[in-house]
Amino acid sequence: MEKWRRIGVLLVLGLLVLGAAPDAIAQDEAVEPAAEEEEAAPITAADAMFTVNNTWMLVATFLVFIMHLGFASLEAGLTQAKNTVNILFKNTGIIAIGLLTYWLCGFNLMYPGDFSLIIAGRELFGFAGPMLDPGEAGQTAAYADGAYTYYTDFIFQAMFAATAATIVSGAVAERIKLGSFLIFSTIYVALIYPIAGAWHWGQGFLSDMGFYDFAGSTLVHSVGGWGALAGVLILGPRLGKYSNGSIRPIAGHSMPLATIGVFLLWLGWFGFNGGSVLSADPGPVSFVFVTTALAAAAGIIGAMATTWIVEKKPDLSMVLNGSLAGLVGITAGADAVSVNFAILIGFIAGIIVVFSVIALDRIKLDDPVGAISVHLVCGIWGTLAAGIFSADHSVVTQAIGVVCYGAFCFPAAALLFLALKYTIGLRVSVEEERGGLDVGEHGMEAYGGFQILT
Amino acid sequence: MKLVIAYIQPYKLDDVKKALFDNGINKMSVMTALGCGQQMGYEENYRGTPFEVNLLKKVRIEVAINQEFEDRAIDAIVQGAKTGNIGDGKIFVLDLAECVRIRTSEKGGVAIG
Amino acid sequence: MEKWRRIGVLLVLGLLVLGAAPDAIAQDEAVEPAAEEEEAAPITAADAMFTVNNTWMLVATFLVFIMHLGFASLEAGLTQAKNTVNILFKNTGIIAIGLLTYWLCGFNLMYPGDFSLIIAGRELFGFAGPMLDPGEAGQTAAYADGAYTYYTDFIFQAMFAATAATIVSGAVAERIKLGSFLIFSTIYVALIYPIAGAWHWGQGFLSDMGFYDFAGSTLVHSVGGWGALAGVLILGPRLGKYSNGSIRPIAGHSMPLATIGVFLLWLGWFGFNGGSVLSADPGPVSFVFVTTALAAAAGIIGAMATTWIVEKKPDLSMVLNGSLAGLVGITAGADAVSVNFAILIGFIAGIIVVFSVIALDRIKLDDPVGAISVHLVCGIWGTLAAGIFSADHSVVTQAIGVVCYGAFCFPAAALLFLALKYTIGLRVSVEEERGGLDVGEHGMEAYGGFQILT
Amino acid sequence: MEKWRRIGVLLVLGLLVLGAAPDAIAQDEAVEPAAEEEEAAPITAADAMFTVNNTWMLVATFLVFIMHLGFASLEAGLTQAKNTVNILFKNTGIIAIGLLTYWLCGFNLMYPGDFSLIIAGRELFGFAGPMLDPGEAGQTAAYADGAYTYYTDFIFQAMFAATAATIVSGAVAERIKLGSFLIFSTIYVALIYPIAGAWHWGQGFLSDMGFYDFAGSTLVHSVGGWGALAGVLILGPRLGKYSNGSIRPIAGHSMPLATIGVFLLWLGWFGFNGGSVLSADPGPVSFVFVTTALAAAAGIIGAMATTWIVEKKPDLSMVLNGSLAGLVGITAGADAVSVNFAILIGFIAGIIVVFSVIALDRIKLDDPVGAISVHLVCGIWGTLAAGIFSADHSVVTQAIGVVCYGAFCFPAAALLFLALKYTIGLRVSVEEERGGLDVGEHGMEAYGGFQILT
Amino acid sequence: MKLVIAYIQPYKLDDVKKALFDNGINKMSVMTALGCGQQMGYEENYRGTPFEVNLLKKVRIEVAINQEFEDRAIDAIVQGAKTGNIGDGKIFVLDLAECVRIRTSEKGGVAIG
Amino acid sequence: MKLVIAYIQPYKLDDVKKALFDNGINKMSVMTALGCGQQMGYEENYRGTPFEVNLLKKVRIEVAINQEFEDRAIDAIVQGAKTGNIGDGKIFVLDLAECVRIRTSEKGGVAIG
């Protein structure tokens, strides 16, 4: 039976891709992307500007891509050696799932053009059809006013999509069944993320209201964070984490890996925020680089000071979270607040994240990597901060936006997790959790030959 | 004097330690080990090739005690480590001829605790 | 005697560099690359376009550079801890050797301008002289019609060159003598790769025939793969791999390292394929980004499904290979097939690679990292696929190209390996292989202090 | 008392950021960086050129950023497992401190505009006021003649600043108190580095004299190197390094980590040197890419040959240092010497670094990662080499520059270290050094569960 | 009852395990160890400084057996581990006073196997 | 024959090895271990949660010797490992029933050295 289920999965996947093929031939004939370059016309300044804009957007794209390695490394580093293969597998799988579902439907759900579901004047849902279609002018400067091509647009946004699911991955690590997680991710990233994203970036009702989220404190990070919160609540804590009323820390197995992860995430954020300018315009892009970098730095200092005082000793894992907290915090308003306020926002985010991690542990929410604190709590903080520290945005509207995303994403994620829990099951067996998911789910170890006390 | 060696399931280490402490035995040494016993191992699969893993992760505890603690120590370990499943482990007891506390050069029973 | 041989090596290297010096002075006076910028003339749109094109090519260059770290990490992760220093050393050495030999002769062998050896109308061999010479216009827009400068051309191509030898490195890992491997690499990358490359990219006979390999499924990956195959055949399997007729897996020692490697390779591929557009032209570059990313994603899904069914449990190392398989597969036709076909090509590559790895093991070809399956098998698949799924290219011509490269590279590599085998020896002693090449070849360990069961 | 000191630190930090806030509001109103884009005017070629220049500078910025991960990895890899958390913490802290102090005062010390301290016609010191102020035209093409914006200028230079302190970190690793090191770094990077930098890059007296340091062989690497030398002299060697007259090697704990570090540093160097062209001008940028890459390659070969002969076996850690030696060596003259001379410079640097590491060990200067050899010794070599191998620069002037930097930085660093030594103490206790700084300073381990013989 | 401790070359572990299995002994525990014996070690070289490594990687096997298996166990280990070269290793045999199977609390000879 | 087991501070390994060598004992085996004794451990703090670490890193040395070396071996270990502080470690001595050199199959006292 087990075997048949697996074969079924393969068949569906196969049909999906093969089904696309005939269609593809048509497309092939229609578009011919690389062939028709005659370029007899002289180069204009607008051509050059289009080219540099597009180049920057592609650079931003590969920077966001590398965030997935950052997530994988951070998550693996902060969990136990016996679950490392599982974590790496999930992260490798998510980027693939994220890109393919975004190709299949996500892009056209998030940027539907027209909304078909409009309730009380609120544009809630639209879909421009499956797969990609650059149309006539998609690959020319006409597509986005000389800022980028259709395919650049798609691939930049696609790289964003998978991050939302990756955020969940860290929070539910070390105990969730691989298959269930992959199903959850697929649906979350294929449907929930783009539909919610359309409300603001797809010109839906929140953008009409004046809600502002520059690069996704809410649209990406909180959306992931709500999923993480739902997962943690429904899964429960790892075995032995909260035994006899006391908290037993389960230390991560590789601080170098965690640190590599954080630096790569920070690197990627230059593309995440810098690319969200949606052109290479020197003024805003350089400004966003500065606010992004300084908020991250201030987040480190904020977390360092807090952990030094609260924990007595400076905790590396908290400082790493601090830099991410600063980055998530500045993401909503990276182009809208002053440099000095960016530092303040990052600094406060660094303080918040430490207390949030500790508080969640107190209320027995077991989040191995601090994903809820970094992405949800600081995502909310950053969204509100964009309203507080920028004269152009209203903190009330920002709060409304935050609530809307919570009201949609949390129940959606919870429903998904509950559905999985009562069908194929959500959590691995106690034996598997003890022995590690690497052996249990994958039949292999991450560090062959190393003597590790698990 | 006796030297008690126990192989237990890794995740039982905390319980065994606690059980020993509760019985007044609070000195011990711990090592990682790989064990092969009635527990049959499991099949791993690496790059398409299945193979039997029959060296399972275990923890080895060594406790030196005075004679009169022997039963208590064994009972404590059993209590802490027992689940009733295959793989629970074994205890081996050896006669200990001598014991020296390096710090003080004390010898014999007084040096053990 | 050992010592004298080593001193000899140093002398040769020293003379090589020093010998270049007098020449260099002349060049220095002649070119003065950075000094003569008066730029009184106003900036034209063509200037700006030249600058952005060149900038993109340099970005692509550093992306390809980082692939070398990807190879080093992947290879180290999939082999045993006791051979890690050796693997890192080889990979660090190869990039140095690759760049320097490409400077010395590779570039001018691969892009000879004129061919001096033409047989039956087939342009087979040419050489434009040792070292670099940008000529009069090399650093201006005139050099490549505003796409890049001479030095950009050189350094982008140079980064490619070393990859071919790196591919071999993984396949022969854990048993080849360091010295022999370095000699093999030097010759393979200095002569074989550029001569073969000239046939297509240097406007040799295969480009005349209409053979198409956009970024090197064949020209880079298969060329490396043929070398790998020759090496594996001549070296034989690692000790104990195939004992008593059964296959004993030798597990890699660090899955995080392997995963880092694969993500970095994927990252680099955006430059490998994206840079192969040879300009920053928004349409083709963005299109190539999309086909590249989606093929990799589909490769992951293909390998994931296959390994889940075949091995019962999803094997991370196979999924990692799957993403590379997808990337190698799309490389030949990244700009020529439709997006949907790119996904199909990647998906099939992901399936192929799993069966290929298993099959090679069955016939006792011991390739520790799966280099032959990824680079040779999927390289061939990708080259054929560009013919199958693109109306502009013929699968027959593609097959002819594949055969030509095999007919040249495999015997050349085999000859080199055999020559080394019967002179200075190819394989380390049994004792050294058991104790590990780190101690045997380098007298040091990769993980000082860690207790590792070897 | 300990606790109060910590709270004091936090308060100062808090005030610093909060104090900036009111000011920030004013700035916010004044600048409004992202809001005022009306762009009615048609795009000119100069606009496009400005945009591509600025884009390249931002790419260079994130490349230099990633060098910090490179330093962290290299340093962690070459030291013992028990001090890894401490090293990662320091490196995460330094980038934060570097960016924030550069924002607070560094940028305006290094590029003061006017000098207020001029002795005997030598412009020695100036300060343009705290924090950032782009002024009217800072974000337009007028700021730097179309090469980059004010914020780009700042963030690119800010990324450089922190590297100087990071260099010190490696040399004093495994024995320095965390708090003392952070205080040292803050002052070194906030004051010493920018003041010294102003002498050349800020148009101070050394630039008037014709001293030439393209990207910082002296201004960055030697400055860090002098600090490292002072630190090593004042701290003394690690416990047991030189016992009973013999040298006991203390092996690094992770060669993969060290190798990742070196490749990332090399990658970053394409931005470090490539960005120092201060525009995307195709000729010089591509030329600098070539000299940079080939010097690194030659450094590898130089170190490989030397270590193979001297140590009998090829030492990976030396080869890694060799590539950095080549990079530091070419940094001063990357745009000014011919390609062939770049190779020669790198090759010689690779030889120098091996002998330097050995020599420093002989005279009992314990530098765990070879920072002094790589950054100071090869920094000096590179600065002189720019004079020797380029007709445009004088080796005498170069030597004068080297001496000036040494005469300022070494005593300054020594004074700082001595002040710390006699106040809060510089070195951890013997017990802490033995048990490792990870447990001692941070109360946590880098590799939870791994059995490590320390 | 005896407790047999053997230090062997790491690459001989599979052979020793097989030899023991073939002789009906299929319970054992394995650890990593560093050994110093007649095998002289080798010279490493780290950053220009040569140094003698004389703690070589070994594998330590522990097998508890009933008396009558002693010779068989020793022979099996010798057979599996012997190459005739220095470094082959040593076997140490201790008297085992007691043995307990944690799962069942069985004691003595029955608990060993 | 005796089997001497010593738990010492890791940083004392070199000194103990030297002391044993100086006393003519140059064969030994070394393992990593975690120990729990009079040394109280220390508090770590991970992500805001303090916890007691009471398994401290130790090194375990095993030396098989002929009877007449017993005192010398113990003295050498004490001399090499002693600092006078808590945590210095313990020595345990067991009777060794048999010893076999795998390479030659020699048995007994001659096989030990």
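In this document, chain identifiers A, B, C, D, E and F correspond to the written order of the chains, with residue numbering beginning at 1 in each.
Convention: a contact is a pair of C-beta atoms (placed from the backbone, for glycine too) under 8 Å apart; a residue touches a chain by one contact, two chains touch by 3 or more.
None of the values given here were measured: they were computed from a predicted structure.
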Response to the item:
Joint neighbours (chain C and chain D) are A, E
Response to the item:
Note: chains that touch chain C and chain E both are B, D
Discussion item. Need the CA-centroid distance for the pair chain B / chain D, whole Å please.
Written reply: 51
Fill in: Overlap residues in chain C, where contacts from two or more other chains coincide
45, 48-49, 52, 55, 59, 251, 254, 260, 311-313, 315, 317, 443-445, 450-454
Item to complete: Would you please write down the residue numbers of chain E that are in contact with two or more other chains?
Response: 30-32, 34, 44-46, 94-95
Response to the item:
Per the touch criterion, the pairs are A-B, A-C, A-D, A-F, B-C, B-E, B-F, C-D, C-E, D-E, D-F, E-F
Fill in: In the complex with chain B, residue positions of chain E that touch it
3, 17, 26-31, 62, 64, 94-103, 105, 111-112
Worksheet entry | chain C-facing residues of chain E, complex | 9-11, 14, 30, 32, 42-46, 57, 59
Worksheet entry | Complex interface listing, chain B residues touching chain E | 2, 5-8, 31-38, 55, 58, 60, 70, 74, 77-78, 81-95
Worksheet item: For chain C, which residues count as touching chain E in their complex?
Response: 240, 434-435, 439, 443-445, 451-454
Item to complete: Quick one: which bits of chain D touch chain A in the complex? Just the residue numbers, please.
Response: 3, 6-7, 9-10, 13-14, 17-18, 20-21, 23-25, 27-29, 31, 33-35, 37, 42-45, 47-52, 54-55, 58-59, 61-62, 65-66, 68-69, 72-73, 76, 84-85, 88-89, 91-93, 95-100, 103, 131-132, 139-141, 148-152, 154-155, 158, 178, 254, 257, 260, 441-451
